[in-house]
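Labels for the chains are A, B and C, by order of writing; each one numbers its residues from 1.
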Amino acid sequence: MSLLLTAEDWQTIGLTIKLAGTVTLCLFVVGTPIAWWLGRTASRLKGPIGAVVALPLVLPPSVLGFYLLLAMGPYGFIGHFTNWLGVHPLPFTFWGLVVASTFYSLPFMVQPLQNAFEAVGDKPLEAAATLRASPWDAFFSVALPMALPGFLTGGILTFAHTVGEFGVVLMIGGNLPGETRVASVQIYDHVEAMEYAGAHRLSAVMLVFSFLVLLGLYAWRPNPKKA
Amino acid sequence: MFKRCQHLIIGAALALGMASAYAEKVTIAAAADLKYAMADVAQAFEKSHPNDKLDIVYGSSGKALTQIQQGAPYDLYFSADIDYPRELEKAGLVVGKITPYAFGRIVLWSTTMDASKMTLQSLANPDIKHIAIANPKHAPYGMRAVEAIKSAGVWDQVEPKLVYAETVPHAAQLVESGNAQVAVLSLSLVLNPQIASKGKYWLIPDKLHQPLEQAYAITQHGEHNAAAKAFAQYMAQPEARAIMQRYGFVLPGEAK
Amino acid sequence: MAADTIDLDLTLRWPEFTLRVAQSLPGRGVTALFGHSGSGKTTLLRCVAGLERPQGTLRFKGQSWQDGNIFLPAYKRPLGYVFQDANLFPHLSVRGNLRYGMKRAGRGMVRIDDIVELLGIGHLLERKPARLSGGERQRVGIARALALQPQLLLMDEPLSALDIKRKQEILPYLERLHNELDIPILYVTHAPAEVLRLADHVVMMGGGQVQASLPLREAVAQPDSPLFAGQSHVAVIQARAEEATDGLRRLQVAGQWLRVPEDACSSCQPGKTMRLQLAARDVSISLLHLPEISINNQLQARVVDIAPAAHPVNVLVRLELGDGQLLFAEITRASRERLELHPGMLVWALVKAVALAGDMTA
């Protein structure tokens, strides 16, 4: 297998997995409160905020990447923020990709979670309150376990979506090996340089890997038909 | 009266038909950086050849090569790297000669610093944190940038600071957004009216890198297209050359 | 404001409905909140639980749960709540559901055997709610609320989602609850039968307001009581069970005796106080004691008053037993005139049918 791909190709695969995993974890943390609020609020802001969250679904990734590039640069608001924090600027770094991908994959985590929280409804949480559970307690001991299928779906979709990410990475990554050169960019570079055999091989490996990951996760999901 | 109308209609139809039989369409694949130059040349050509229509598609030379190999209906091919038309020639897909239109030149460019006062050695300066170039893996200008940096003897200091853009305009974008301080671009791009006003440039001596010969040829598809032949010849005329030079597309021996 | 009552003065305003209640409810026994759907009874229960946030004050046996300054959230109130549809946690087993509240109320060490036995759910402990029947789920819901050892039990129409058979199954458990627990129970229902069977006190509600709040005895005594809308009046009597002879169980009331088949009352143990329901249409009046008829049960009583009955041809005669308990008889006007019945008269009430625990036909 190691003779099939170059060391460079393997590096891009490793980086892709690292990016997808990191982004999925970040979105569990960031997406849950957003989904919770959206799933339970009666505020008039629900519609507009829901639409903003869903934007990455329809924006061309290169548009998102373009605006993120501007925002993260020294003239943009994210750039100003990182500057103020004393942190290294985000473009051309792995963490820059994590931040960008978090925006890009946001609806893939928030929407399944929101649906799951809506399905939980008010009643179980009221029951928990009458059983001496504080709101935080009720969230962790009742809402979260009941919404578990939503977490699984959100996690799977986010991971898969980030593995396939291309347009955004191209815009702000700078294509640096080991840092921002993910598999999708590497495949594109192979094609651009007309190294079609290399493109085929790397694509095939990514395809098989993604399929196995998704297969494993889908097979593990609790079956609602079983008691 | 009715018969008269009929005659008129038939006559008009014939006339139109004959007119369009003489007007010809030429489809051209051109390298992306030729955009403004070619537009001007095409305009001048169409003035003196009112019956001919030029349809120009701009894009990556490599992609166009692949498309032509797969039978895309281009009559003329303007490539930023002469190696590509030579490949077509090997496959017998070229008609006539491959004619150079320029030798590509590279420059240092910045919006925040005065690049006209820089040299390649300046790139080692710690103030310059990121230098944007087109990906050398597949962009000819990127390859030449790497060669020049190596020839200047600063590769070890500069390489860690490089960031790779997909195309030369993308590299310019990285500088414009403030994310890179300097970029290595093509001369043709910095002379482009959109870019020219934004910063200064320094022309990198062409002895520091391999020549980037850029050439055009008539494809097999355009073999019997008289207008295509006419345009190919027009490109070599002084009027066309003057426009090309204005945009930075110079041949050796032409005034800079 | 006594220290043994639940005192409310609450207002809750919604777009199409306003709840406005100022009452003092008993601090013991079962208080039924009775009314049609939309009358506000469930809303009132939820306000007491802290699941809604009304304006006003709420004091539970002297503890202030809500006033101008504070609002004690639901999870800090020492109550148990039984929902209309059990509302069990689907991701926990029955045991897990029971333990949920116990852990949090600091009662982890208390054994739940008694409650499990009381509600007959011992064989269900390891099952998940999805594999329980409606009746079983409801019993688990009750057990879960009780496992907290609450100071107040709130029940929101616990039987309305069940069919007749399940209702019959659970009612005995509720009666046992009533007898064995010392805590106040607020019981929301729209079914008069449940009120008659379980309540000590009745709060009649309509349109978001309290229309009446009375002990059950008085609630059934009203001729126009909503408990009997359109149906025959039912008297609720307390009697003491005694020994059984020849297959008949003796029940003593006001110094007199009723006899019912022994197997009609399996929970009648000597010494136990039983609740009986006597429908007015099952009671006839005689001026004399009649040993020569088949009706065994004859009670001497005094006529209190006579009022029109629902049916225009009948009247409802209110009778008082020696110990003050009330009885009703529905007879025709013609009979009343023939017998020349008037208040103060001593007569005999002939009781054709007695409904006891286990019988839902009232």
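The rule is simple: a residue touches a chain if its C-beta (ideal position, glycine included) is under 8 Å from a C-beta of that chain, and two chains touch if they have at least 3 such contacts.
Note that this is a predicted model, so its numbers are computed, not measured.
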TODO: Name, by label, each chain that touches both members of the pair subunit A and subunit C.
DONE: none
TODO: Return the chain label for which the distance between chain Cα mean and whole-protein Cα mean is smallest.
DONE: A
Open item on the list: On a CA-centroid basis, which chain has its centre farthest from subunit A's?
Closed with: C
Open item on the list: Please tell me the distance, in whole Å, between the geometric centres of subunit A and subunit C computed from their C-alpha atoms.
Closed with: 56
TODO: State, to the nearest whole Å, the distance from the C-alpha centre of subunit A to the C-alpha centre of subunit B.
DONE: 39
Task: Inter-chain centre distance, subunit B versus subunit C - centres from mean C-alpha coordinates, in Å - done: 92
Task: Interface residues, subunit A side, partner subunit C - complex - done: 123-124, 126-135, 137-138, 141-142, 145-146, 148, 227
Task: Interface residues, subunit B side, partner subunit A - complex - done: 60, 62-63, 66, 130, 132, 135, 137-139, 163-166, 173-174, 177-179
Open item on the list: Can you tell me which positions in subunit A touch subunit B when the two form their complex?
Closed with: 69-70, 72-76, 79, 89, 91-92, 170, 172, 174-176, 189, 192-194
Task: Contacting residues of subunit C [partner subunit A, same complex] - done: 49-51, 73-76, 79-81, 83, 87-91, 100-101, 104-105, 128, 130-131, 144-145, 148, 154
